[in-house]
Every structure is written in C-alpha cells, then in structure tokens.
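Got some structures for you, see below.
Common to both upcoming complexes is subunit A, partnered first by subunit B, then by subunit C.
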Partner chain A sequence: MMQLPAIDYAVLAPLIILVATGLLVLLVDLVSRQAARNVLYGLGVAGCAASFAASLPLSGRTVTTLSGAFAADRFSWGFDALLLLTLAVTFLLSSLKRAEDGGSPGSYAALLIFCTVGGMIMAGAANLIGIFLGVELLSLALYILAGTGYPRQASQEAALKYVLLGSLASGFLIFGSALLYGAAGSIALADLATAAASGAPLFVAGFGLWLVGIAFKLALSPFHTWTPDVYEGSPLAVTAFMAVAVKAATFSVLARFIYTVFQHDSAALIPVWALAILSMLVGNFGAVRQGNLKRLLAFSSIAQAGYIVLALSGVGSKGLSTMLFYLIAYGFMNLGAFATISLLGDGGEEYVDIEGYRGLFFRRPWVATWMTIFFASLAGIPATAGFIGKLLLLEQALGGGPWGIAMAATLILGTLVSFYVYFKVIYQMFLPAQGQAPQFAGNAAASWVAIAVGATGVMLLGIVPQAFYLAQPYLAAASR
Partner chain B sequence: MPHIPLENYLTLSAALFAIGIVGFLVRRNPITMLMAIELMWNAGNLAFAAFARNFIDMSGQIFIFIIITVAAAEAAIALAIVVMVFRRRADVDVDDISILRG
Partner chain C sequence: MLLNTVIFLPLAAAVILLLVPKGDARPAKAIALAGAVATFALSLAFLGAGPNASAQFSIPWITGALPASYHLRVDGISLFFVLLTTLVSVPAIWAAFSYADQRRLRGYLFLLLAFETTLLGVFTAGDLLLFYVYWDLMLIPVFLLLAGYTDSAAARRAAWGYLIYNGAGGLVLLLGIVGMVAVTRTFEVLGHSFAFSAAAEPWLFAAFALAFLIKTPVFPFHGWMPATYTQAPSPVVAMVAGVQSKAGLYGFLVFALPLFPNAAHRFAGPLVALGVISVLYGAFTALGQRDMKTLVAFSSLSHLGLVILALFAFDITSVPASILMVVSHGLIAAALFLLLGFIEERTRTRDLSAFGGLGARAPRLQVLMLIAAMAALGLPGLSGFAGEFLIFIGSWQTQPVATAISLLSVILATVYVLRVFQGAMNGPLSAPADARITELRPREGWLVAPLLAAMFWLGVWPAWLNDRTPTTVGSHEAQTAVPHKAQAIAESKVLSGLLGASETAR
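The block that comes next holds the complex of A and B.
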C-alpha cells in the first residue's frame, strides 16, 4: 500500500495564491490584447497583498508539510513577507514606461511573480529537492527578465552571461547535492546533520560543491564576476528585484542549511567565512572605481552579501533574527536607491552615470535628498537602518571565535572604504550644477510611492529597530 | 551479470563533471558551453542514480526526474537567449559579446 503524503493546504496557501495570480495575469493579457500595463501590474500588487494575508495565520506556527519537504516557520514567514514586499515595489518601479523596453507587460509581470514563488519555495525548503526546485524556478525566470530590455544590446548580453554562468552554478549545486545525498543516504536536511558530524570526505566534498553553487547565486567573491555586468545590462526594475529578492531567498537557504546541518563551530564552515571576508574586500574596493551607478550598486551588493554572512557566525539562534533584520534593512535601502534612480531619465534612457548627478541637489532637491538618505543608510550612518543592521552583525560575529573576529574587523575596514564610495555620489549631488537639468522619466508617481516605502522603512528600522526585529525566528527541525 | 561497484559509477560521474567544467572554460561558443553544462548536470544525475541504487532509496531517483525536467526548461530558455543574441550578429562567440565590462 502506497503512503500518500499529507498536504497541509493552509501552509501552501501563500504560494498557491501567488501562482494563481501569475496565471491570471497571463490570462488577462491574453484575453484583452491591449490590457494597460498598469492594470496587469495592479493585479500583481493585489496578488502580493492576498498572498501576504494568507501567510499571516502562519506567522506563529512551526510546521512541516509534504512529508517534511516544506517547512513553514517564523523564519520562512519573515522571508516571505520581505519577498512579497520586494515584488510589489518592483511592480511600482516597472510601471515607468521606458523607450528601450520591449516585450509584453503580461509575461513580464507573470515572470516576476513566478520568480517570487521560487524565492518563497527556497525560504521554506527543508530538503535538497526543494532547494534545487526553488533556486531553479527563481533563476530560470530571472534569466528571461534580465533580457526583457532586449532592444538594448546590453540587456541581451546580460541575459546570455547570466544564463551561462547561472547554469554552471546549478551544475555545481546538483553535483554537490548528489554527493551530500551519497554521504547521508537521505535528501532531508535534518538527516544531513549526522553525516556532517562524522566529517566524512564525501560530505565535505559535497558541501564544498553545493556551496560553490550557492555562492554563485549570492554573488559572493570569487564567484561574483557575473554580477556587475548582469546588474548593468538588466532593466532597472529587474536589477532592483535581483539585488533584493535573489539575495534574500538564497540567504534563507544558506541559513536554514547551516543551522540545521552544522554545529556553530564546525570546521567545514571555514570556507563560508573566507568567502565573506573576500566579498567584503572585493565588493568595497571594487566599488571605488565605478562610474556607473548600477555597477556601483552591484559591487555594493557583493559587499553587503559578505556582511550578511556574519549573521551566521555566532552561537545560538539570534543570528537568524539578525540576518532577517539586515536583509529587511538591505531591501528597503536598495529598493529606495533604485527607485530614486528610476525617477530620472532623458528620453527613456536610464540615468546611471554618476557624473550626471553633479549639482542634482540644486536642480531636483527632493530626489537628491532621498538619494542621500538611502546612500547614507547603505554606508551605515547612525539613525538609519544600515547602522543598526551593522551593529547587530558585529555583535553576532564577535561571539563567533577567531573567524568571527576576523570578519568583524573586515566589516569595519570595508565600511570605512564604503564611506568613500557612497559619499562620492552624495558629494557629486551637492557640487555646483552645470549643463542641462535632468528630466523626470515620464509619469513618476509610482516611483515616488516606492521611494516613500523605502524611506519609511529605512527610517523606522533606524529609529525603532525593535519593532522589526523578529525575536527567535524558529526553524522547524534545527539542530541548534 | 557482474556486479559493478559504486566507486566505478562515482569515478565516471566525477570524470564527466570535470570534462564539463573544462569544456565550459575552453570553448567560446555558447551552444558548446551549454552542452558542457548539460554534461555537468548529467554527471550529477549519474551520481544520484548510483547512490539511489546503493541505498535502495527512491528519493535519489525522484531527484533525477526533477533535474531532467528542469534541464529541459533551462535548455529552452538558454537557446532562446542565444537565438536572440544571434539575430543581432552573425557569429556567436562569447569573447565578442563584451560591451559590459569594467
């Protein structure tokens, strides 16, 4: 007699609602040939809200379903909320029509939605198949999204680079998963813990290869080389989504894996710490010589990924709260920064040359003010979200032994370098203006809403951080 | 039928994986690079099959079906992107696709 897995539909409801929204968007696009893009994006935002509402009853629960393959706990709930917020803001940013954007808004919206579904699967995945499926759903949709600005050659190039290097990374992920399965005899993360404790060579090799795949997706140095090119070539809204959603979802996978499988002082984790240190250095020093804002933010995201790894280094489950807090802060400040960039643009061109921001404060004072706030938060100025986030990370790392202290020192060094990077941009905006004032790109109302969301988040997280600090985001079946 | 030990399957799959990586690194045509990637994915499949047989466990085999399905979707998307780039230029060589750098 075959045993059928028990499926708890209440746990899967947020995912099901989001998938249904994606299909609905496609259907509406098909039926009413000329549906306005704002109608489709509005449907997408409504889907986010409905999915979030369905996830609210789950916020206090710690359950698994599908025979333990999918977990719904406080941790995955936090990531779901962050991913849905990112999706909604991305729709706002996408509503600015740019001359170079090709393609159909219907499939664009549906791909963004399916991408987010992939991210939510990753946040709850409790076995290797779930992780692989989530990563691939997220990545496959993003390969196409990177190319949606295809009338521009740069966007085509970004899509090609992303699909080639992303699939290579997936190859590492698959082979690593196979070796992990061979070492443990099971694909459930909880069962991998026994193999990890024994330190079998097969397990170590499997974890190494699996980590290479994950580090590619996270853009941890030295696997970051695709990041600046893909960020620069993709349409601005897709870049914003990529920077926040992909990083958040992949970090949820790494955190769940490490917390379920390893003890906090396991020697197998040393490569993770080394990747973090290298990323902080490469990201911050690489950003120094960038003249393109999207590339600068790409290097910034490499450095930030390094910072976030610190949350995993300490003892106890506080690291998970810290990671979630920093990712929420990172989400608000990046979405806000991309939203301010999206406001400006002459003739549909993206306004990404840092030189062009010279004297912006005297031309467009509000844009410059908001941008200053987001960049100050990225640098980590007190009273912003970035500052509190970095303090929490430092506290976590200092409890993490010699490697934790080394990472904390690198974080401080990296932050000093990043002051130069971010203040270079801010400084430009306050120089005396020359030449033509930059024009607003079309109807910018949606971008102003996105800026308001980002700015409110950055300030609230900086001033009343405890309201956003999810104490004890429990993991279902964690070993520590 | 003679019994083939697990080690032989693993050696073969590791060799396939290595050939895939080398192929990806030395070839400059995106289609050939995709074939190299496909080889790496299938090296993983072979390892999964060998382990699943060894443990008499179905989850490894299910993983293979999922990988094969995803590989089909991935190939469709990757080839579509290559065609999109190919329409712009007659030859496709990744070294020539380099407006984005820095």
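The block that comes next holds the complex of A and C.
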C-alpha cells in the first residue's frame, strides 16, 4: 500500500481558504445570476483577508509539508502577503464602473483568485513539480484574464499572443525540469545542489532550459517580446495584477532555486546576470519611444525585473530581504500608478495615451501629485520606496564581483534613461492644457483606496525604511 | 529644533499657500514672501555660534547593517551656504510675483519654496545619505519650473538637458556613495576618516567629483548650463545660478576632500586644469554672446572655474577664499539675473544688439545694474574683488602657471561686463517696437537691494566671513573621531592635512 504523506493543514490553510473563496464566488454567481459584481469582488477581498489571517500564525516559522514539497517560511510568507495585497487591490480596480470583466464577473473573480493561488504555490514550492504546478495554474488563468476585454481587438490579440508564447515557455520549463530530474535523480531543489556542484552537462542543459521558461514569465529580455502587447491589450486591472503578482511569484521561484541549488557558485549564474543587464537596457531604452502608458509600464516592468535580479548577485544573507524590499516597493508604486490611471477613466481604457495627460496638474492637482510620486518612485527619486530599493540593490550588487559591478553600472545607466521615460509623463501633466481639455472626470472611491494603499507604501518605505526592517523577523529569511 | 524649523519653514509656507483658494493671488504672495523672509531671519541665528561651533540635530534614521541618521548641522562652512540660500530666496520669490499668468502663480511659488527647502537640506545634511536625498530632490522643482512655467520649445529642451545632466551626476554620486559605504559601513561619515584601498579611492573620488563638477558646472560638464540659465525665468535662474550651483563646491569641501584626501591630491593637477580651461573658455565664449542671459551664464562658468582652481591649489589662503568667492558669486549672479529679468520684461528681448540706452529712461535701473556689473568684474570695495584677489594670491603659491593664465580672465571680464552694461544702459535709447521702457518699480528696486548691500558688506569687510570659516575645515570633528590608523588622523584634518602635505611638497 502506498504511504500517503502527512499533511499539515495549518500550513496549507491560506491556500485552502483562497481556493474555497474562489469556489464560493463561482457558486454565488451560479445560484444568483443577479449578484452585483461588487458583491463577488467583496467576497474576493474578504477571502484575501481571511487567507492572510490564516497565514499570520505561520509568520516567522519555517515548516514544510507534503514530504517537503511545500514550504512555509519567512520567505514565502512575505511573498504571500504581497500577492494577497495585490489581489485585493486588483479587485478594487476591477470594481470600477468601466472596468472590463468579459461580461462574467463571477468567473473573472474566480480566475483572479486561482491565479493568486498559483502564485502562492510558487512562493512555497520546494520541488520542480510544485514550481511547474504553480506556474501553470497562474498562467492558465491569466491567459483567459488577458482576453476578458474581448470586445477590443487588442485584448483578443493579447490573449492569443500570451497563450501561444506562454505555452512555449511552459514547454521549456517542463523540459528543463525533466533534464534536471535526470541529472539529479530527484525533483527536490535541495537534492539538485549535488548535481549543480558536479557541473554535469545534463544539469547545465536542464538549468538553461528551465531558466528560459522562468525568464519568459519574468519578461526578462530577450524573452520579453510578448510583454508590451499583452500589457496593452489586457484590461487595466489585469495588467496591474500581471505587473505585480506574476513578477513577484516568479521571482520567489528564481530566488529559492538559486539560493537552494547554487552554493555561491556564480559561474553557472552568468546567464542570469547577462539577462538582467540586457533587460535593464532593453526595458529602459524601449520605453523611451512609447506613447501609450500601458506599453510604457510594460517596458518599465522589463527594466525593473532586470533591477531585481541584482538582489541575487553576490549570494549573501541580505539578498533575499533586498529582493523582497524591492518587490514590495515595486508592487506599491505599480499598483499606485495603475490606480491613478484607472481613476481618471473609471477603470476604462480612456487615459492610456501619454499626450492625453497634458495639463492634468491644473485640472486634478491631487491625482497629478500622486501620479508624480508614483512615477518618481519608479525612477528611483529619493524619499520614495523606489530609491531605497535601488540603494539596497546597488549595495548588494557591488559585493558581487565583476558581474555585480557591471550590473550596478547598467542599473545606473538604465535609471538615467528611465528619468526621461518617467519624467515624460510628469512633464505632460505640468504643461498648460491646450485646446479641448480632457474631462478627467473619474473619481471613484475604490480607486482612491487603491491610490492610498500605493501611496502609503511608497512614502512609508521611502521615508521610514526602518518600517521594513522592523518587519524583518517575519520577512525573507536571512539564512538559507 | 531651529535647524528643522529653518529647513522646513519654506516647505510649510508652500503647503499653506496651496490651501488658499484659487483666484486671488495676493494671499498666496503674502504667505510665500513671509515664509521666505522668516526663514532668512531665523537663519541669522546661526551667526551667533563661533567659528568652529556647530548647531546639531541628530536622530537615528535607518538602523541595522548600514546605519544612517537624520543628522543636520551648521558649521563654519555650511553657515554661509545656508545664509546665501535664505538671502537669495527672498528676492527670487518676490520677483516671481510678476509672473504673467497669475492663476498659475501658486504652483510657481510652491515650487520655489520647495526648492529652497531642498537647498537648505543639502547644505545642512550631516549624513551622506540624507545629503544625497536632498541633492537628488533638488532636480524636481527646477525641472518642473523649467517645463511648466516657460513657454518656448527651447525652454522645454533646456528642462530635459537640466534633468539628464544633473540626473547623471546624481546617479554617479549614488554609485560612489554605495561604493564608499561598502568600506565605511555607515553613511555618517562626517568628521570620521576611513582607510580606502588604493585601488578604490580614485574611483570613489572620481564619482563624487563628477557629480560636483556637473553641478558647479565646470568645463566640459557644463552642457546643461547655458540653455538652463538662458531659458529659465529669472527668479529660477537666480536660485539655480546663485545658490544651487554652489552645492558643487560645498560637496567638495565637506564630503569629497575629507573622505578621499589622497585621491584629491592625485587629481589636483587635472582638476586645476579643468578650472583654468573653464575660466578661459567661459570668458572667451561670453565675449561672443548676443543674448545677455547666455553671456552672464558663461561669465558664471568663468568665475566658478576660478573657484575650482582655488580649491585644488590647496593653499591656506586660496581654500577659504574659495568660500568667499562662491558666496560673492552667488550674490552677484542672483542680482544680475534678476536685473536682466527686469530688463527683458521691458525690452521683450534678450538680444543685446536689439536695444540700448535704457539708462535714459530708467536711471535707477542703471544704478543698480552698475553696482552688480562692477561687482562682477571685480571692482575693489565690492565682494567680487575680495574673493578673486585672495584666490589669486593664494593659488599663486602652489599653482603659479595656472594662476597666471587665469589672471587673463580679469581683463576679459571687464570687457564683457562693460559690453553688457554700456550696451544696455548708456548711449541713445533704442528698443524694439513692442518694448515699454519704464523706470524700475519700487518693488523691483527693493528686492535687489539686499543682494547689493551684501556685496558691499563682503567687499569692505571680507574678514567678517573669513574669520568665521575655519581654516582647518572639518578638523575639529575629525579630532573627536575614532580613526582607523594614525596615518589617517593626519589626513583627516582635512584641509589642514591637505595644506600640510602641500607645504612639505613645496
């Protein structure tokens, strides 16, 4: 008889609650066809809160379950919290009057929830199968979500592009995983370390293919080509979710892999550093010519993914907390930026043209001020979270040998280019309005809540970064 | 507490004036001017401290592996930079009242006041990370003022030039700071000395120096300067040219030289050369300008090149004189740009060949312009002379060739300054058709007057400033520090150390 692994339900509770919420949303939608979508989204937000509450007893602990396949530690706890926050904010942005949900709020909400479940599985996955499972759950739901703005042709195009290229990447990921299994004789990340130390060709090939799959999900250049189109075509709220949640979940996988498998062995990681350098350049230079705000933020996310890789260089105890700090900062500033865009158009796609923001400061000074702060944070201007994040990244990279220094120098160059990119938007808002002034009418409370969340995070982490360090005992592990 | 009040009073005034209802600009004007004047009055209290005493405020900011503190202080060096900031801000903000679109004036005043706070932050920060925070934040108000409160395409290009040049300098400085922290493990570097490896120190110094040279600016890093000084509204230029550009020299004096004395000595030759090139390049280029603001911009390059020469001559006279010179230049540049702004409002052009003889209609304008112009060309009795004279005397001791070449600038300055003054003020009146040449209004006269008075003050009594600046900058703090090596103690007595080294070299 097969021995079933012991299951620690307390460890899985946050996941179980979230899955239950997803099912409940579907059920409510099925039973009452009339259920207002805000009820469904409200259920979703409640599910986030319940799931977070269930994860509180786990904070600061390190436990594994399912025979070591799934870990709950300080590392995954920080990512889970970020993912749940992102999901809650996405629900807020989805509740706006003109937000697109494909005409079916129930399945839209459930898909968002299952996406997040996938992300949380990724954050805790300690073996290759768990990782693949999480990635697929996240991706499959997201392929559909990208198309929920389907009356727009761009949304259909986004969904198709995403599913075609995404499946290809999944193929790389699973093929790479198979080779890694072949090389190590085990799917557990901890066991891969031995194979990594031997440098067997099978392992190198497997890691290479696996990395391609991950780089695609992270939108690291040169595997980024889908990003601008998918970001542009997807509904605004989904784009915000994609920019933050997918990036955070996938980085948790990459970080756990690198920290577990490679013992300060930087030679095998050179391809990762090269991807980071290329991403910082392609992302920032690519954003220069964008006139569409969603495409601009897509290129920005490529560049920011490149920055975050710096946290993994010079493998040391601080790297993980640096990465988590930057991802949290990145989450706040992106959610804030998307919230301001959605505020003006009531969740619709009206204000994605940068030229359209001309004179915003004189029409809606507060919206423009917050938008300025979010974009300044993306550019890494001091007194915002983005600055402290970049400071920590640079500090980490400078300890990482020649590749670390090269990445630090690229980050500086990329940031300089990004000054032009982000200030281009700020610049438009400060120009005096001309001709037919846009309405900028939207003023939904849900957007303001989302902006407040982003603003609080950006200012708090920027001015009192101590707040993050006080939370450190509960966040990313300082040791392996 | 006084420190925090002085720094944040302008910002507080800025926020309050936003609360005033739109429409009537008068309350906003009153609040802005009151804020600036009160800040200046409060900042005078720092004068009460002796030459080496310093006002301090320090609380921990970030603890952990890389500690940083919210540390403010005013000592013998920063005192005069703070006073320059608070003094120049008053006329700049007052002059901004005449901005054409009164409905948008609130934003203009807000940005000027916010800019003053960031400048004061730079000059009082005692922690390198805090210094950098303000250093980078300075960019934003200036960029927005250039982008939003000018109306030509050239001005908007200038905004981008300003942002990218100064942003590049800031980012290189950030890289240098992070590299430095890898050794020091703290951002609280003031008054401490650290042993950097011989391989790292030149790179770190170069990173700091590049940022400071761009801000000053010095040839060949002045690319942003002519367009910014020419295109920005005159109150903005008064603050950028009069105060912000001084942050470069300040950074050298307070951070780069004390931290990296060996590298500073090694790079002294090239830096002196850049200074001399700036002196000559600026002066010769100024000679050929038709746009009066561009002309003064290049004269600025010339004068600040002299300051770099004085600093890297490492002479006991020239180094303190460089402080006198930047303060004096700040007053002169601010006054000149404000007066040129008044002229431009009347003539509707900056082209020197398009108008002349304004003195016939505006004798008071002529008198004030004369004083500022004479100060700029170094007439004894005004502040420009004292600074230049001491610089030449001091630099001659260690850098005779460079000093001799730079002396040429005195003649060139006379030529271009008189060209502006005589062309614009003397002779028969001529002006474009749409010009409305009127006498200086009382407001305009009064707002420039404090700057001119300060020029006289420093001109007849330069010792007032010199006695307050410590000749051994930074040493009093270094002595209380815990140095790494005995060697480092000698070097940490910053200027005295540097000067001592140059004495023995002689």
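Here are a few things to note about the model shown:
Here, the second predicted complex is superposed on the first by the 449 of 480 C-alpha atoms of A that agree within 3 Å, B and C clash if a C-alpha of one lies under 4 Å from a C-alpha of the other, contacts with A are read in each partner's own complex, and residues count from 1 in each chain.
Here, a residue touches a chain if its C-beta (ideal position, glycine included) is under 8 Å from a C-beta of that chain, and two chains touch if they have at least 3 such contacts.
Here the structure is a predicted model, which is why all the values come from computation and not from measurement.
In the superposition on chain A, contact is made by A:Y420 with subunit C only, not with subunit B. When both complexes are overlaid on chain A, the residue A:N292 reaches subunit B alone and has no touch with subunit C.
By the touch criterion defined above, A:L431 reaches subunit C but does not reach subunit B.
Looking at the shared chain after the overlay, A:G171 reaches subunit B, while subunit C stays out of its contact range. Once the two complexes are laid over each other on the shared chain, residue contacts for A:A154 go to subunit B alone; subunit C is not touched.
Those residues of subunit C that touch subunit A in the complex are listed here as 61-66, 101, 104, 107, 129, 132-134, 136-137, 139-140, 143-144, 147-148, 156, 159-160, 163-164, 167-168, 171-172, 174-175, 178-179, 181-182. Across the interface of their complex, subunit C is touched by residues 318, 361-362, 376, 381-383, 387, 390-391, 394-395, 398-399, 408-409, 412, 415-416, 419-420, 423, 426-427, 430-432, 465-466, 469 of subunit A.
Within the complex formed with subunit B, the subunit A residues making contact are 128-129, 132-133, 136, 140, 143-144, 147, 150, 153-154, 156-161, 163-164, 167-168, 170-172, 174-175, 177-179, 181-182, 185-187, 228-229, 232-233, 290, 292, 295.
Within the complex, the subunit B residues that touch subunit A are 10, 13, 17, 20, 24, 30, 33-34, 37, 40-41, 43-45, 47-48, 50-51, 54-55, 57, 59-60, 62-63, 66-67, 70, 73-74, 77-78, 80-82, 84-85, 88, 94, 97-102.
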